[in-house]
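Across the two complexes that follow, chain A remains constant while its partner is chain B and subsequently chain C.
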Partner chain A sequence: MARNAEALTRIGVRTRRRKAASGAAISLGVIALALVIVPSVWIVAQVAFKALPHMSWSVITTPGVGLGGGLQNEIVGTLLITFGVAVVAGFIGVMSGIYLSQFAHGRAASVLRGASEVLAGIPSIVVGYVGYISLVVAFHWGFSLGAGLITLSVMVVPYIAKTTEVSLRQVPSSYVEGAEALGLRPGQILRTISLRSALPGIVTGLIVALAISVGETAPLLYTAGYSQNLPHLSLTHSPLGYLTYAVWTFYNEPSAHAVQLSFDAAFLLIVLVLALITASRIVVAMASRHRESA
Partner chain B sequence: MTDESVSQAAKPEEEYMQDLAPRPVESASTNSTDPARTVIEVSDLTVGFGKTTIISGVNLTLTRGSIVALIGPTGSGKTTFLRSLNRMNDKVRGYFAGGSIRIDDQEVLSDHIDLLELRRRVGMLFQRPNPFPMSIRDNVLAGVKAHGLARKSEHDRIVRENLERVGLWNAVSGRLHDSPFRLSGGQQQLLCLARSLAVQPEVLLLDEPTSALDPISVESVEKLLADLVPEITFIVVTHSLAQAKRISDHTMFFYDGRLKESGPTARIFEDPQQPETQYYVSGRMG
Partner chain C sequence: MAGAYRRRPFPLPKGKAALASDLASRTEEPQAPRVFRPTTKSPLGPVKIASAASAVAPLLALLAILAILIHQALPAIKFNGVGFFIHNVWHPGNFYLQPQTTNGVLHPAQAEYGAWAIIAGTVLSSLIALVIALPASLGAALVVSKLLGPRVRNALGVFLELLAGIPSVVFGLWGTLTIGPLLSRDVYPIFAKHMPDVIILRWFRGSTGAGEGLLTSGIILAAMIIPIIASTSRDLFAQVPKLTEEGAEALGMTRMEVTTKVTLPWVSAGIIGATVLGLARALGETMAVAMVSGSVLGTLPTNIYATFNTIAATIVTTLDSALIDGTGLAVRTLAEAALALMVVTLLANVGARLLVRKVSTTALPVGRGV
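Here is the complex of A and B:
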């Protein structure tokens, strides 16, 4: 009897201890989650509160005039640069990722991978400076769309290459083996099996890279310069505005309108990034229709 | 081992075999010299990786339109041998092969062979079903499209024909555009078989094709092989002695990288000549 009761108490103690540990773990999880969610919601809310009351169509539809006007030139500039980065960095990055995952062996592969990692680790302002002395000065391109988007592309190519390589490596070998046994050519296997099943990963990487480049300021200050005119479609000698410039510069201007524009620009940047993330989610959902985990 | 235990075990399988589509039983032997009936001829085959020799001195002749079972303990070289027949070992580091494998009088080990065409003619089914991450319909058509075997207008017919051949049509005809991964494991394996059949192979290599399947699916796959056999030669690696007995015309026993014994299945199981074969088929050696 006594021994029974003792055993029961022991079980009770153990249960209580287990529940306490479980409770502590859950609390830590909740705290960690809060640390992620609260700042992002806080930032979005803060920017929205500051921006929305003054937001009007004219902000989007008129270019800047002195310290006033709107943000049309910056919006078009950011979209142009982002599109350019998507094309240039997307192409080079995806191709490098394919090469690294499928064809690179031995020394060539390790040199390329190492170089890519070094490039990824270089601070953006240094990349911007190198872009300035090479493209803007040495190539005589001047502050321009071309110099800006190539500098940004150099920054994000390692990221795109890495995500492409990893996604392609994660394609189950049984797919590839099955395709080989069916007598498909290596190119056909890559196109119809590997790339297709790696697509969600590749697209996600690409879009995150674009989101990063949308938010960059330093490399563009050095290479794209600034202009209040609407950008024209010329790759050289075409300084242009972009939203991060407005956020960074207008905030320190004495004019209240300029400070407002700075918040408007920040808000538009956040909307743009959210739109990119949403787009990537949609692409992933569409491409995952026939996946194993579906 | 006693003869009695073997014949008792064999009895239900005999009945099962009678259920299957009857096929002309030509008492083909592995020593058949009729060249028209020889589909694969292997002489003095040696295969290895790096410094390790996996199989050596394998000589055999396979008769067209038969089911051949490759049995033997784990590590005996069955799978390596099977994968040599369609050169799937090529990409393995350090792979080397000596001797000769002739399929339809074409040297498989030659550098000049059209590997893609070889693999169209000599298809393969794997241990775990491996449908591609595309719709059921596209799975059946994957090889057909890659080899340019048919015009687009014929695709519907090809899909239907091959799914019917494997008995999957009724189950999937309403969801040809769905993911294959929602099918059961057995259905997925049948789909893979349909995909292989669609490119009209002469030989199909099966690497433990039913070891990941439930008993009912195993039965349907085995029945299918029996139905398809006059057209296609099957070479099946199996760890199930019962399966080898049920489905194969010929059995080849691999042991320690060598083809220890081969012959008509009934003889291998009832009257094995080599002591190792005797041990293995009586279940005393895994």
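Here is the complex of A and C:
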């Protein structure tokens, strides 16, 4: 009897210890969760608190003058570059996704897919350096919109290709088979059935790619250059400003106004990125509301 | 055309998705039934050609980047030799003297390059980032997917997306003006004072600097790679079959024991892949590090708070001044550094993806993990 009781206490002690360890692990997990959430909230709040009190329309409506002025040239530049990336990378990325999901199979498909995924992992400054050496110097384009947006497109095409491919693959095969049974030609099926039902996914991927290109700096520094003039609409020989450049150069200037501009630019960047992320969420939500419940 | 549906699995009801992916990992993909297909030539010709050209573009871009870098770096590789990776000097040379020729390469007099310090800085800052980011990501993903409901899981997704979407210059701005000074004033001195003088921990002693340096960069980098590791781990944890976990719990295991003995081993390969991918991203991160590293060239960090530099940050901060070198050696040396960085990140990317493809059904995220 005594030995039994002793054994039971021993088990009791061990169980309690194991439960305590488990509880400790859970609280560590909660701390880890906080480590993930706190920085994102902190950065957004910090930039907003620094930027908002001094924010005025003049920041948005006047171009930069030396270390003063506003951010109009950078805003227009960022929008122009982003629009260009949407056109160039959007076309190549969506087409590439169509090919990978509809036509490619076997080894060739996995090589192309792998190359695209690996391309997205190349350090942005390496892509920027190559863009500078090839487009700016060897092609004699100079610092320009064309060089900047091609370099940036190389970086974001993989995102668009991936999301396009995945969302085309998720189109239920019954849709396609039904269309085939009704006698639609492959081209019609792709256009009216597959692409239409994959559209929300494709748009989401495009928006995420734009959010990334809005925030990139390293690929643009030596390809788009910088200018305080409002951007011209020429693709070559005309450098232009963009918001990330303002953050990168103005933050450690001695002038308080320049530091302020740096925070203003950071705030505008975050607003743009948040708007794009929200837009992608809305697209997803709308799409899932319209989808038949499976 | 005939193979178009071959690889597409059946659509499955939502609730069974987890079970299905488990099934898919063990058995072959379910095959769609063969459908009658007309044998006439497909009218998709132009679309197919245009889309094929687009699909080849990333591969071509990858090869072009490699080729241009190698071509650009070749003279620098010849001039700098193996010593480039071992020595620690960064002397662009004297541009006012007559340029000289060594090993058939024209270079400024007294030019000498050795990247040891920036290689060490790149590796150290990324390792610090990994040490912080890996437990944080795993813990967060575990808590969210095993303790909290699916609604909270989506909420975490929002924060991860936000973290992945914040531009790296904004991370840098936050690091250099806010968290760096804060840590060096309030936190680092406590470490420096109380850390014992033993191996590794010795690195925490000594001067804590002004907030720009290795540890601050590591912390910023950690925040930047958490989205990659956390979002992949969360998807992986959702794949572990409920029955196995519940069985383990029914045998009397505590929550922690289920996690360490069942859940984590089940997905370990995927997590290793995600970690390597995060490491590759940290190695290549440029702007944020350039803003918080302190940008010193040619000195090795003496403790964990010391200023340093990475390969990527060196390229972005010195390419401007490298253009002054009339012989082009300085620019070419940066190409050599970029090539080394690219080869390492390429290997990490390919290795991680091959590993994960072999053992798991969850694909690794592209790029930043959004």
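Criterion: the second predicted complex is superposed on the first by the 244 of 294 C-alpha atoms of A that agree within 3 Å, B and C clash if a C-alpha of one lies under 4 Å from a C-alpha of the other, contacts with A are read in each partner's own complex, and residues count from 1 in each chain.
Quick note on the criterion: a contact is a pair of C-beta atoms (placed from the backbone, for glycine too) under 8 Å apart; a residue touches a chain by one contact, two chains touch by 3 or more.
Treat the numbers as computed from the prediction; the structure is a model and nothing was measured.
Chain A is touched at more residues by one of its partners, and among chain B and chain C that partner is C.
Contact with both chain B and chain C is seen for A:Glu177 once the two complexes are overlaid on the shared chain.
Of the two partner chains placed by the overlay, neither chain B nor chain C lies in contact with A:Met55. Once the two complexes are laid over each other on the shared chain, residue contacts for A:Val76 go to neither chain B nor chain C. Once chain A of one complex is fitted onto chain A of the other, the partner contacts of A:Thr192 are limited to chain B, with no touch recorded for chain C.
Of the two partner chains placed by superposition, only chain C is touched by A:Tyr251; chain B is not. Contacts of A:Val283 after superposition on the shared chain: neither chain B nor chain C is touched.
Judged by the touch definition given at the top, the superposed model places A:Gly114 against chain C, while chain B stays out of reach.
172, 174, 177, 180, 185, 294 are the residues of chain A that lie in the contact sets of both chain B and chain C, per the superposition on chain A.
Contact residues on chain B toward chain A in their complex (touch as defined above): 86, 88, 91, 115-120, 123-124, 126, 128, 130-135, 142-143, 146-147, 179-182, 192, 195-196, 199.
Across the complex, chain A meets chain B through its residues 172, 174-175, 177-185, 188, 192-193, 196-197, 289-294. Interface of chain A with chain C (complex): residues 18-19, 21-22, 25-26, 28-33, 35-37, 39-44, 46-47, 91-96, 98-100, 102-106, 111-112, 114-130, 132-134, 154-155, 157-159, 161-162, 169-170, 172-174, 176-177, 180, 185-187, 190, 208, 211-212, 214-218, 221-222, 244, 247-248, 251-252, 262-263, 266, 269-270, 273-274, 276-277, 281, 294. Within the complex, the chain C residues that touch chain A are 1, 3-8, 10-11, 13-14, 32, 35, 37, 42-44, 47-48, 50-59, 61-62, 64-65, 68-69, 72, 132, 135-140, 142-144, 147, 156, 158-163, 165-174, 176-178, 223, 226, 230, 254-257, 259, 277, 280-281, 283-287, 291, 312, 315-316, 319, 331, 334-335, 338, 341-342, 345-346, 348-350, 353, 364, 366-368, 370.
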